[in-house]
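Written below as structure tokens is the structure these notes are about.
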Amino acid sequence: MKLWDKGYNIDKAVEEFTTGNDYLLDMKLLKYDCKASIAHARMLGKVGVLSATEVKKLVSVLEEIIGLDEKGKFQIRKEDEDCHTAIENYLTRKLGDVGKKIHTGRSRNDQVAVALRLYYKDELKKCELLCGSFIKSLKSFSKKYGSIAMPGYTHTRKAMPSSAGLWAGAFIESMEDNISLLKGAYSMIDQSPLGTGAGYGVPIKVDRQSTAKELGFAKVQENPIYVQNSRGKFEAEMAHALSMVMLDLNKMAQDLITFSMPEFGYFTIPKEFTTGSSMMPHKRNPDALELLRASYHVVSSCEFQIKGIISNLISGYNRDFQLTKEPAMKAFDTAETSLAVAGAMVNAIKVDKNACKKAMTEELFATQQAYLLVKKGVPFRDAYKKVAKKY
Amino acid sequence: MKLWDKGYNIDKAVEEFTTGNDYLLDMKLLKYDCKASIAHARMLGKVGVLSATEVKKLVSVLEEIIGLDEKGKFQIRKEDEDCHTAIENYLTRKLGDVGKKIHTGRSRNDQVAVALRLYYKDELKKCELLCGSFIKSLKSFSKKYGSIAMPGYTHTRKAMPSSAGLWAGAFIESMEDNISLLKGAYSMIDQSPLGTGAGYGVPIKVDRQSTAKELGFAKVQENPIYVQNSRGKFEAEMAHALSMVMLDLNKMAQDLITFSMPEFGYFTIPKEFTTGSSMMPHKRNPDALELLRASYHVVSSCEFQIKGIISNLISGYNRDFQLTKEPAMKAFDTAETSLAVAGAMVNAIKVDKNACKKAMTEELFATQQAYLLVKKGVPFRDAYKKVAKKY
Amino acid sequence: MKLWDKGYNIDKAVEEFTTGNDYLLDMKLLKYDCKASIAHARMLGKVGVLSATEVKKLVSVLEEIIGLDEKGKFQIRKEDEDCHTAIENYLTRKLGDVGKKIHTGRSRNDQVAVALRLYYKDELKKCELLCGSFIKSLKSFSKKYGSIAMPGYTHTRKAMPSSAGLWAGAFIESMEDNISLLKGAYSMIDQSPLGTGAGYGVPIKVDRQSTAKELGFAKVQENPIYVQNSRGKFEAEMAHALSMVMLDLNKMAQDLITFSMPEFGYFTIPKEFTTGSSMMPHKRNPDALELLRASYHVVSSCEFQIKGIISNLISGYNRDFQLTKEPAMKAFDTAETSLAVAGAMVNAIKVDKNACKKAMTEELFATQQAYLLVKKGVPFRDAYKKVAKKY
Amino acid sequence: MKLWDKGYNIDKAVEEFTTGNDYLLDMKLLKYDCKASIAHARMLGKVGVLSATEVKKLVSVLEEIIGLDEKGKFQIRKEDEDCHTAIENYLTRKLGDVGKKIHTGRSRNDQVAVALRLYYKDELKKCELLCGSFIKSLKSFSKKYGSIAMPGYTHTRKAMPSSAGLWAGAFIESMEDNISLLKGAYSMIDQSPLGTGAGYGVPIKVDRQSTAKELGFAKVQENPIYVQNSRGKFEAEMAHALSMVMLDLNKMAQDLITFSMPEFGYFTIPKEFTTGSSMMPHKRNPDALELLRASYHVVSSCEFQIKGIISNLISGYNRDFQLTKEPAMKAFDTAETSLAVAGAMVNAIKVDKNACKKAMTEELFATQQAYLLVKKGVPFRDAYKKVAKKY
């Protein structure tokens, strides 16, 4: 039974279309909705809407649901639409009238917003940790191979001497900037939407500070319309930050794909990290790197999907927002898997000292030659031209 | 066992990452791969690579798989990676050495390309039919309500008199153009990739015309490198055509959402096509229309995901292409569901004659007033200025 | 003076914002608006709204403007907003009341639509010709170098033997498909919008067939609302087709950048087609190719911009459409320049026979080895495994 | 003469293509390159590469260029390619050999990076200030009209009572979050790239701390490869932050367009802020708001363009980066103009108290009715159902 059931049936095609795959996606939100519902129930107790016994009962069944979910034993049925309905229905089945009271002082918009916010906060933290691990892998790579000289390229052409350490260091510094971006996104969304109803408040007095505090939010998101207007906006912010993380993996993948070609051989990918061809017996393909490279585009298109959906809409909740949930979740899943694989890859690859040495050909030192002339007093531009004649 | 198994194990994380959700998505491709494998086997018979008995055996087991799939009884296990592996493994389990011969003269790239091409052709036809049905719904709507006058808007402001028929007619004409786009995409992809191996042909003589003909392709895609280079390109072409279809639904949805607001009331949406709020008892929300509107962005972001993935890559197969399959499938699924829902919506909505009549206020006729002056000999620009003074 | 001047002044910032850079972009549309205005004037003569003398005067001054424009002597001033206003103002300055009559039976929306349509048709033809020239360059390249064997790559790894001819042939076949796409886009937009007013017709009888015929349109775009709804939609269609052209140039550029690296040396880029570094005297960089590669993204983001702008809007004209003109023009300019540069590049590059020969290493023939076993009766999968052991 | 001139001519088409419109765009960068060149010259003096006299001369001519530029008297000729070349050529014309020494210890990549970084920092600050002004406008609007009750909408349907103050408050709170985003982007890019050469350092000892300090950077961007890898990445970060600003303007515009329709009339737009139609004498169109709405898509497609261009590239400088400059500049220009126009709009619009009052119909109070029952002890879900029956 839907939360908004009014005693007549909805057109089947419309019902299916509006539910979409929410009942599947929402499995990730179950525990967060329960936690938020517990905070909400306690707050309702505090302000005198529920009795202490009622709160206790509600909290107990909500914790039961969390427990069931941990064991994979709580299902959201398609006809329940989403996790919020499934939870309220379960409460009502178990507790009767007490279950019917949990929705006092809130709306489903409220619930969606707060459950997502809690989920996002956890995911952002997870990504931050994964970026940290990835940096550790890079540092350990640097320790092993950092001093090996290799050609530095500009315009895909040999430019000047570089090193494996310089190469890895670029990703370390960039990833540190990414962590700042993730922290920035975290700090932006770390505000409690709970208690704003459908975007215009609720007709009873609720204690928003209290639920915000219990749920660990840094502050209350004050304006109830903004709570709805930030649907999609916050998702876009996070997806963008993740796309910046993915951009670095994209570049690293492109470097490794290119410079592990036998024609260069600077990097070696262990065979356990390659796959084969169904037809060509000799092949060892860097599929994982190619998919890492492609995954950047997956994440950035999640961002652009969100940014398209939320455009040209009036203030307040619009159902379009529902379709920002899936790309946000997909962006997290893709980024997390990618970071883990990229880390494993950096731990596994080797730098081939001999191949690198062989590649340190003399044109890489042309700039240094010009500077020898500079040291003798030749103006740089003249020194440049003199050396250029040799090439 | 993978097709490219070489007797050592792949890193678990890499294996999982490269397989992704192919084993799920490929359920849609099973029957197409079987059909293509049947054509391939018959061709191998024709050119003397397989004996008549071998062909017969292979065809029979491939038909068995098609039958199993129809009943939902053929599974692709995760460790099989994809439908192609699952099918070859099944053939080998059933037929031993004969099964091991099916891959003669082709590569998995070949198989993927041809199975996708057949699937896409069916989906494009399906979409074309759905566009046709949608046009029928619009025509039947026009028959019922077409003659009702309603305000025409420019800049979201009343402009000149319009009618329900003119409104629906715009979508009919646009949808007819969309059908041309779908046909154009169909005609572009209607070329057989089979027989090009991994992008550089196969070391034995195969009869590409024969498989192309048996599988119903209009022609052979000659250049084997182009077969691989068109991975993603063709997907982008189709996703674009679908996004043009969705654009029309997006606009229609926005019209219906706006002009079914009680403040206008031109259109009436039956309550069975609306949903409610968990908190506000009076609400009848046009969720299905809002999701139709949002679904345009889903499809166009599928196109942009594809267009991003395939960029900046060298010629020939790159594993990145694998990630163009999911957005292509998603674009089809979304467009098909949306067309069906939009059709049902057009069948269900009503035009409120009285509300429309009431809305035909006099400023809609200001241009006609200017033209009355024009008929009296006043130059248009002067007539315009004269009437403008009244507003 | 604006066409819609009503005797009071518009806020300066708003005026500047709404005009934007239209007065610059519209220089490209001047002649097309004049041509359409001539057809419109003649039609007004035919239906008796203008006298023969009036038509003659208008046509003569409009032809004068075309002449001035050819010599670069007709300016659109910022305060004129756009070419349509500049033209009507010029007519009125020259012809007095007769000039004030040219706008009878049409609206500026009409004018914009028809002038753009004519411009787009010319540009599409131009692009088609450029694709044709590019194919010619590829064919002539093939004639010179086609028979040179070179490695074929999959997953950026040597796969099987290929050739310079096979490589170029992939682009020829793809470009031929692109020409079909351009023709498809042309055929879609080749319908006359003139005579539909602001989207709801005009209050006098006009002869749309006659103007359509005079202007060379294949047919009349019947529904006036669709004329407006197709703003942006047609631009998106064209930008998409151009992005498919650019995708091929993107891939070709990436191939040439990669395989002209001295580490491969398959292709040679003459020094006149490279640029240097300000600091490193030895550099010869393939800047033009890198910019070709990047230009694909410029064009596809033009498409994306258009597709975003036109979303979530109600039927009929919305000013947002104005901002689809610049990206459409930019897509054409970028594609045309890119095709010309790519053609010059293909004419200039060479294939280094020796470098290619040296690169034909034995793993490229591993598949052929497997097939030697197949010919001896070994099932393909067993032959594959046997050969695989060597790698 | 190009900085990398080597005594032979470049193919004309290639030269034109690679220069593109850099010589125009770079007018914005002139003063920043001069400032950075001054800092660089002083540092070269400090480390003993230049004599005190040489530094003095260079600084003096660089300041001369800044002065000329302020008066619009310094031109970058097309054959100079960009501002960096124009400046070095000017220095050499004026100072002979001393001018030829300015490039010691740096590369053009260096110059581009540092000039852009300084330009971006100024633009970000400008945007932050404009956001602040916009907030002020909203607050002043709130002061005037904040207490007026108006309907709150969800799903484009009347939901619950809202107010003009609540509406404006949502944008204030959101804009404050945007300022945090801009500050975050600022803090990310506030690191000096100067002294990293072409991405692999320079062959002489330079004092990066000193130039960073003189130019007002918060820190030095250590890794030289990361300096190049962050080209486009930083641009994407800024364009994203700007797109979030634009999203709010997009939503506000859509609100104002919709609710200033005479059918609602909640907001009144003064006629000085509307434009007219060329054909329909009565029209007062909200063009500026429609263009504000569309401008969001302009900015987000700038971001998308950047994110596409920089993908799938190996580490180090690639010429593709050049094409990230234009969209970054466009994103700033669009956002700044839009913020100014949006502020002027908020200062100008009025809230129509009577229209709002009339619109406060009883269904807006349905939720309150349910809560009256809740206060009497009816469980919320039962109260909801009871009230729902009336609708």
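Going in written order, the chains are labelled A, B, C and D, and every chain counts its residues from 1.
Note that a residue touches a chain if its C-beta (ideal position, glycine included) is under 8 Å from a C-beta of that chain, and two chains touch if they have at least 3 such contacts.
In this text the structure is predicted, and so the values were computed from the model without any measurement.
Student: Common contacts of chain A and chain B?
Tutor: The common neighbours are C, D.
Student: For the interfaces B-D and A-D, which has the higher count of C-beta pairs in contact?
Tutor: When the contacts at B-D and A-D are counted, A-D has more.
Student: Take the average of all CA coordinates in chain B, do the same for chain D, and state the distance between these two points in whole angstrom.
Tutor: Distance between chain centres: 36 Å.
Student: How big is the gap, in whole Å, between where the Cα atoms of chain C centre and where those of chain D centre?
Tutor: One centre to the other, that is 28 Å.
Student: Between chain A and chain D, what is the separation of their C-alpha centroids in Å?
Tutor: Taking the average C-alpha coordinate of chain A and of chain D, the gap between them is 24 Å.
Student: Mind pulling the chain D residues that touch 2 or more other chains?
Tutor: Expected reply: 3, 5-6, 103, 109, 154-156, 159-160, 197-198, 202, 258, 276-277, 279-280, 283, 285-287, 290, 293, 296-297, 300, 304, 307-308, 311-313, 318-319, 367, 384-385, 388.
Student: Show which residues of chain A lie in contact with chain C when the two form their complex.
Tutor: Those residues of chain A that touch chain C are 154-160, 257-258, 261-264, 276-277, 279-287, 290, 304, 307-308, 311-313, 359, 363, 366-367, 369-370, 384-388, 390-391.
Student: Quick check: in the complex, which residue numbers of chain C touch chain D?
Tutor: 2-6, 8-11, 13-14, 17-18, 20, 84, 103, 106-109, 197-198, 202, 270-280, 283, 285, 287-288, 290-291, 293-298, 300-302, 304-305, 308-309, 318-320, 322-323, 327, 337, 340-341, 344, 348
Student: Under the stated contact criterion, what part of chain B meets chain C in this complex?
Tutor: Going by the criterion above, the answer is residues 3-7, 88, 92, 97-104, 109, 152-156, 159-162, 166-167, 169-174, 177, 180-181, 184, 187-188, 197-204, 221-226, 228-230, 233, 236-237, 240, 243-244, 247-248, 250-252, 254-255, 258-259, 293, 296-297, 300, 304, 307, 310-319, 367-368, 371, 374, 379-382, 384-385, 388-389.
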